[in-house]
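Before I ask anything, here is the structure I am working with.
When the chains are written out, they are named A, B, C and D in that same order, and each has its own residue count from 1.
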Amino acid sequence: MRAGQSTRRVSTDLVGIAVILAAAGIGFLLFPDNLALLTRIIALALLVLSLDLVTGYCGIATLGHAALYGAGSYAAGVAAAHFAISDPLLMTLAGITAGAAAGLVCGLVILRATGLPQLVLSIATVYLFHELANKLSSWTGGSDGLSGISPSPLLGLFAFDLWGRTAFGFGVALLLVVFVLLRILARSPFGMLCRGIKEDPLRIRSMGASPYRALAKMYVISGAVAGAGGALNAISTQVVGLDSLSFTLSAEALVMLVLGGTGSLYGALTGTVLFMLFADFVSAASPFHWLTMVGALLVAIVLFAPKGLYGSISDYLARRRGTA
Amino acid sequence: MKRLVLAVLAAAAFQGAALADTVKIGVIGPFSGPFALQGKNFKAGIDAYMAMHGTAIGDDTVEIIYRDVPKADPAQSKALAQELVVKEGVQYLAGFYFTPDAMAAAPLLEQANVPMVIMNAATSAIVTKSPLVVRTSFTIWQTVTPTAQVAFEDGTRKIITVVSDYAPGHDAEKAFQAGFEKAGGTIVEQLRLPMATNDFSPIMQRIKDSGAEGLFVFLPSGPPTLGFVKAYNENGLNKAGIKFYAPGDLTQESDLPALGDAALGLRTTFHYSIAHDSSENTAFVAAARKAIGNPAELSFPSVGAFDGMHVIYKMIEATGGEADAQKAVDAVKGLSWASPRGPVSIDAESRHITQNIYLREVSKAEDGSYINKELRTFEKQGDPGLAAAK
Amino acid sequence: MQSALSVAVDALAYGMVLFVISIGLSVTMGLMRVVNLAHGAFAMIGGYIASYATQMLGIGYAAAILLAVFGTIAIAIPIERLLYRRIYGAPELTQVLMTIGITFMIIGIANYVFGPTLKTIPLPGELRGALDLGFRSIATHRIFAILCGLAVAALLWFLIEKTAFGIKLRASVDNASMAAALGVRTEIIYAASFAVAVGLAALGGVVGAELLPVEPYYALRYMVTFLVVVSVGGAGSIPGALVACLLLGSIDTAGRYWLPEFGEFFFYLSVIVIICLFPRGLLGRRA
Amino acid sequence: MSPILEARNLQKAFGGLKVIDDVSLRLEPGDRVALIGPNGAGKTTFVNLVTGNLRSDSGDVLIGGASVTHSGPAERAHRGLVRSFQVTRLFQDMTAEEHLALAILERDGKTHRLAGSYRAMPQVMREIGILLSTLGLGTVAHRKVREIAYGQQRLLEIALALALRPKVLLLDEPAAGVPQSDTGRIEAALADLPADLAVLMIEHDMDLVFRFARRVVVLAAGAIIFDGPPQAVTRDQRVREAYLGSYANVRRAH
């Protein structure tokens, strides 16, 4: 029984990896000329995964998660533009570190309250980060964006080219690594602790654990993931703009997460891909009505698929399997 | 699956075949979101040009492909620029309302062999990011520098500058300061306001307390403009004789109906007024108004787009529709023509547009609508911003 | 000294405008427990109606206000019946999504119907002038906004604390099933208080239009400001909202006067400090 | 013997209402104490004060002689003070096994590990196995809590408390709401609790109280009115007046 369970877990991991690879492959084949867009989706997927860690796994409602992503983006960008650290792996490391640090700061603030005040705290922090980046314009380029980032070839072999193949490949690899690590995290003792905190923090406290400490730690991890996404963004775009730590991006990430379904890595990935494809399609078809359509989509999700698309479909399948 | 791949390949092949006699131009701008009006003006300018000059150049047919970047979002801009180049096979990239969006796409140009024609983004440095960038709009330095001269010649000696705290605001602050101090005036104080400022009364108080004889202001168009101008009147600054100087972003035509009488008499300097008196402009305005639908929505980005199309048409003529970015750009260096805004030319060295800057005053036209009436012309202004950055 | 006094006057005026617009949100959030991000959208609808009524139909200012309030309620009631009813008692995340969705749709529709340009609501002659306070002058419409704010605060306090409706509302909020068992028709109570909240939003949209001009992105542009006011004051508390508005108005105005460059910084930093110290808001109800 | 848990002069008021008024209580290792009292006597409030879920207005709580008055519930749990909850508060989406694993790992300070799984820790698995079989939960080890019967949930609640290896166990109505058929199991589990463990049980079911407790404490209107052996409690006049009288009469009538 036990052995069977653990092999099943490992095999679902393998399925996950296979699905990501297959999706990346299909994307590559179907849109060979759109790799920059696909890379952008991957960077955002990392942001949404990171958001899922705190919102989906720990139950923290935040509209300020782009602060972590932007911190990673700017750290990677500043490293390249001001310190001549142009190796993409080192830039990614810079992004991860800065994201984790930003995660710690945001976490310590946001976790001070719950409910609506928590939401407002998260908004206030992302605005503070935004203002800070705007103020430090000699470092960040302010609203003109931070340009002058030119990553050196990956591993000294693969240059970042016009077609964006290197950036795409790097993004897919990064996503896979993060995905596997997060799967491990999700079933680690710490992952279990966080699930418990989400359901009943009071109960967890009487078992001897401190929710605040655990959640702050999760925020740091989440920051590292978002920072990796931000670094990917800086590497592939070679310009970092203030939008990368905006309230708008935070809200969009939340929308993507809930669209896919919270509390599952697959939900986060599904949501990001669907939202981006939807956005790409609708904004090309009729930019004028794009906002109305997104609004209608959100309302429809809340009414008809409250667990998100992935969540609702997997529930449905589980029910069917149950009755069959 | 196999069939799918085949279909994709077939589509790609078909596109390749179609390329022979169609020249595609990819236009990136804000076509949705809070800045959609500016994107609409891009489209109106482009449509007006094509309505007046046709879509055929020699054997080639021009086709425009629009891509939407609703807000300053370099990552999206780059992704779309890349898609336009690689997938759609565009020979020209154009548009770009925001500076970071243009900056993000600029590194692609050489490898893609594609020139970029900037129809709005107004930070001086963009043209230095790639030798394939040409700009047909303006820079903040270009439109602001004459303001300083106007202020000084008015007899105003002490000025307070008030700008929004973002890159264009900083540019405006520096440009005005440079011009005004060079003329011999004094900047008594420099205020930078957060972008999201709703209530300008405390700022007005601060201006009064500064002892300045005049104020220079630069704000993004839209709600802040309205709030600022109202606060200026309500707090009695105009009655107190504190003079008002600003570049024309503040009195763009699409904001004038909302500003109403409050704006009457405000003088701004800019590269284009819809009320410019010339036959080229009359024709342009007629075509652009038809293209945009609601005449009240027409504003300055349309003329940047219109002239941008002129430059691109000349490039296509010069290259015979073949993809040769360097040749195309070389062909328009030094090009001069009669634009709706007046005589203009492309500076051969900077690839930025040399144009007249006008001092205008908001007045009521005979039909009761509000216009920017031109009072004075500063001829053949280049971009002082590039020199200042050096 | 004089400048401090002057800043105080501006702070009062700005704070009261914030109050008029935000108080409706405090009602929905505190009493109905709905995180209504679409509040600004209803304020915007009010503004549009008033603008259309005055500009296109030539109706007077006072009548336009009434038309805006009742017109917005008429638009909002079906939305409440169809959509909001489903998210009462739902988790915050659900409410956030639903109401953001509604906001997006309203923005899109407003953009389509009224176009992207700014809309104004011309003031009547009596509100156009300025009042001389001796050391400075203040625009008459700001005094009007201050008076509106005070009137709204008083009426709302009376409605919630002193009337039968208020008792039923508070009972429904504290224990819906018990209230229902006692014969309170909670659905109607909820719809009615939603209407009150939306009406207040519309009133605020019109009265505040001089400071926060009406355009399609109004609903998003000021959403955060309204949220901040309510959570700093404590959702559901009228005195709390009043104190929060005056406090935040002062911080904002003072910041903009003395340190405009760091105005935004200042504002959000204070918000963080206040909420960290008072996680339920300054005068929030106990959870 | 020195007390393992001591509450000294605890006071707590909500608004103007004194709910706990100067209550002191000592528990020694091996104690089996039942805390009873009429509804609203303040029993749950008292437990919350002891566990740190509520802060007392005055008074002290000591565990093993050390003051924990200013520590939160997590700290008190780590010192060996463990409680079960009145209304089951388990994690609906976790399996029984995961519950116990979480408790054991937290006890051993391992819940902050970011990788690995308790399944790979033989020590933990063995302990889980023992706890599950002791409480007869072996068959539902891999079922999610939402899927298992209420009686079994209560047993899991006890197992969870034991997994933390408490020195003092506070049981809040362990048998409440459990169908008659399952109470036997719970009683057996209670009877098997480690001998040196101090147990304080809040309970309404007097049959259970009489079978389980060696000492009964009666709380009424926020004060202790009786503290002594079970046999004496029904004879105590104050207790009879406060609460038990009616109950004792009803029992005799049956």
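Definition applied: contacts are C-beta pairs under 8 Å (C-beta built on N, C-alpha and C of every residue); 3 or more make two chains touch, one makes a residue touch a chain.
Note that this is a predicted model, so its numbers are computed, not measured.
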Between A-B and A-D, the pair with more C-beta contacts: A-B
Intercentroid distance (Cα basis), chain D paired with chain A, Å: 42
Centroid distance [mean C-alpha coordinates] between chain C and chain B, Å: 36
Centroid spacing, where centroids are CA-atom means, of chain A and chain C in whole angstrom: 33
Multi-partner residues of chain C (at least 2 other chains): 111, 261, 264
For chain A, residues that touch 2 or more chains besides their own: 131, 135, 288, 290-291
Touching two or more other chains - residues of chain B: 33, 36, 165, 194
Chains touching one another, given as label pairs in label order: A-B, A-C, A-D, B-C
Residue numbers on chain A that touch chain D, as the complex places them: 1-2, 5-6, 184-185, 187-190, 192-193, 195-196, 199-200, 202-203, 205-210, 214, 217, 221
Chain B contact footprint on chain A (complex, rising order): 29-31, 33-37, 39-40, 43, 131, 134-135, 137, 141-145, 147, 150, 161-164, 233, 236-244, 248, 283-284, 287-288, 290-291
Touching residues on chain B, where the partner in the complex is chain A: 4-5, 8, 31-33, 36, 39, 66-68, 70-76, 78-80, 82-83, 85-88, 99-100, 103-104, 107-108, 111-112, 123, 125, 129, 165-168, 170, 194
Complex contact set, residues of chain D against chain A: 51, 53, 72-75, 77-78, 82-83, 85, 89-94, 98, 101-103, 105-107, 110-119, 125, 142, 160, 164
Touch list for chain B against partner chain C, complex: 33-34, 36-37, 40, 165, 191-199, 201-203, 205-206, 209, 222-223, 226-227, 230, 234-236, 254-255, 257-258, 260, 294, 296-297
